[in-house]
């Protein structure tokens, strides 16, 4: 029974991906891409990774959809572009590559164990009960730390390309319709609650910094989309401090172990250390993702005029 | 031998599946966007409601029941407001088109 | 084992379709979407290897890597879209074609 479900998910994933690539209209491709993200999060639940399913549903389907739709609104001038020619010239090499990669799968050893046993062996040292959080914030702390750095660099890059010092100034006007305000009132407290719950859950069950940060970020983006002024009230210095807090806090705590003549990124008080880093990382991820979505559109007069003439 | 709760759960899930099927059929077969929105939001919310009721029968604890009902509530809020936004957008768009050459959405 | 095979093959198909879209579309937004599909395929491959189907718990290391990867993907996407806007501002279109002195459209 599960096998049939897996097959259906796999086939629809492949079918939707093919449609995304081959469909003429960009708008249709983006809507299909959001569908693709939701299907992928179904696949993650089938593969017993609820953490990734949450992150994928919020990021792959939610934030990426908002970003792409927004970009399409300001960028697309020509609808219905003809599909490129050269179909076979490009398709056959890709098919060949797919065949080669599929061939390698047949050589995966059946008794392959992975790193699971090693992680569960070392798990008691971290005083955490959930292995994914332990891997993220302890065993592979470098990954998470540098990932916070990547987020920060992306925000800085966007600011550089826009030649702007702050992310503010791109606030949408408040909508006249009551439904937008109503949905904010209803959903935002719930989203903050769910974000906090996921963060708290991370120590012993699926949840943690990434999922909580992503959920909070989607709440912030919703607030921005509805034209609520509260995000603009945050002073831009605070905004920047929150943005770098995860990266800097991680660095300070990681190098504080050097004072005790221990190795970089080792820690005597494992659980406190990990939870502190987790909370700072959550805030940082949320604020960085919000700024990436907020900062992307350069909503100047020319753009709006272009869009008006288009519609 | 199945308990009465399991039988009820299967029954409700099947009813929910039927409504989902009807909603999808409407989405594919209905002529214009308003009708499609109608089919999608009404039938699918009803279907989700029946499936949630079906799952409540076999759920083990009170927090699970609360979470399931919360999912249904959030889906209701999300789909109704998304329906409003899409409908509003289509309405504005058709007004613009009427000025040019008449509606064809 | 069969679940692993289904998802591993799906991931390879997704990766190849994404690659095909990346090289075949001149439009930059479509290229970015295709790149995201390729990323999805790579993540699916990692997790399908982590899921053996025999042992009850799945390997947490690839899960953590994919979680990091999803956040990195979205930041790369946002930056790429920002660069696309800049290209559009400079050239008047968002295509990646070699057109040396094309006038503004």
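Just so it is clear, A, B and C label the chains in written order, and each chain counts residues from 1 on its own.
Quick note on the criterion: a residue touches a chain if its C-beta (ideal position, glycine included) is under 8 Å from a C-beta of that chain, and two chains touch if they have at least 3 such contacts.
Keep in mind that this is a model prediction, so the values were computed, not measured.
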What's the contact topology between the chains, one of line, ring, star, complete, other?
line
Decide which interface, A-B or A-C, involves more C-beta pairs in contact, and give its chain pair.
A-C
Centre-of-Cα separation between chain C and chain B, whole angstrom
30
Rounded to the nearest Å, the gap separating the Cα centres of chain A and chain C is 13
Whole-Å gap separating chain A and chain B, where each centre is the average of the chain's CA atoms
27
Where on chain C is chain A touching in the complex?
1-10, 12-21, 23-27, 29-30, 32-34, 36-37, 40, 43-44, 47-52, 55, 57-68, 70-79, 81-86, 88-89, 93-94, 105
Interface with chain B, chain A side, in the complex: residues 177, 179-180, 182-183, 186-187, 190, 311
Help me check something: in the complex, which residues belonging to chain B touch chain A?
74, 77, 81, 84-85, 88, 93, 96
In their complex, what parts of chain A are in touch with chain C?
2-3, 6-7, 9-10, 13-14, 17-18, 20-21, 26, 29-30, 33, 36-37, 40, 43-44, 46-49, 51-52, 55-56, 59-60, 63-64, 67-68, 71-72, 74-77, 81, 84, 86-87, 90-91, 94-95, 97-98, 101-102, 105, 108, 110, 112, 114-116, 119-120, 131-132, 134-136, 139-140, 143-144, 147, 150-151, 153-155, 157-158, 161-162, 210-211, 213-214, 285, 288-289, 292-293, 295-298
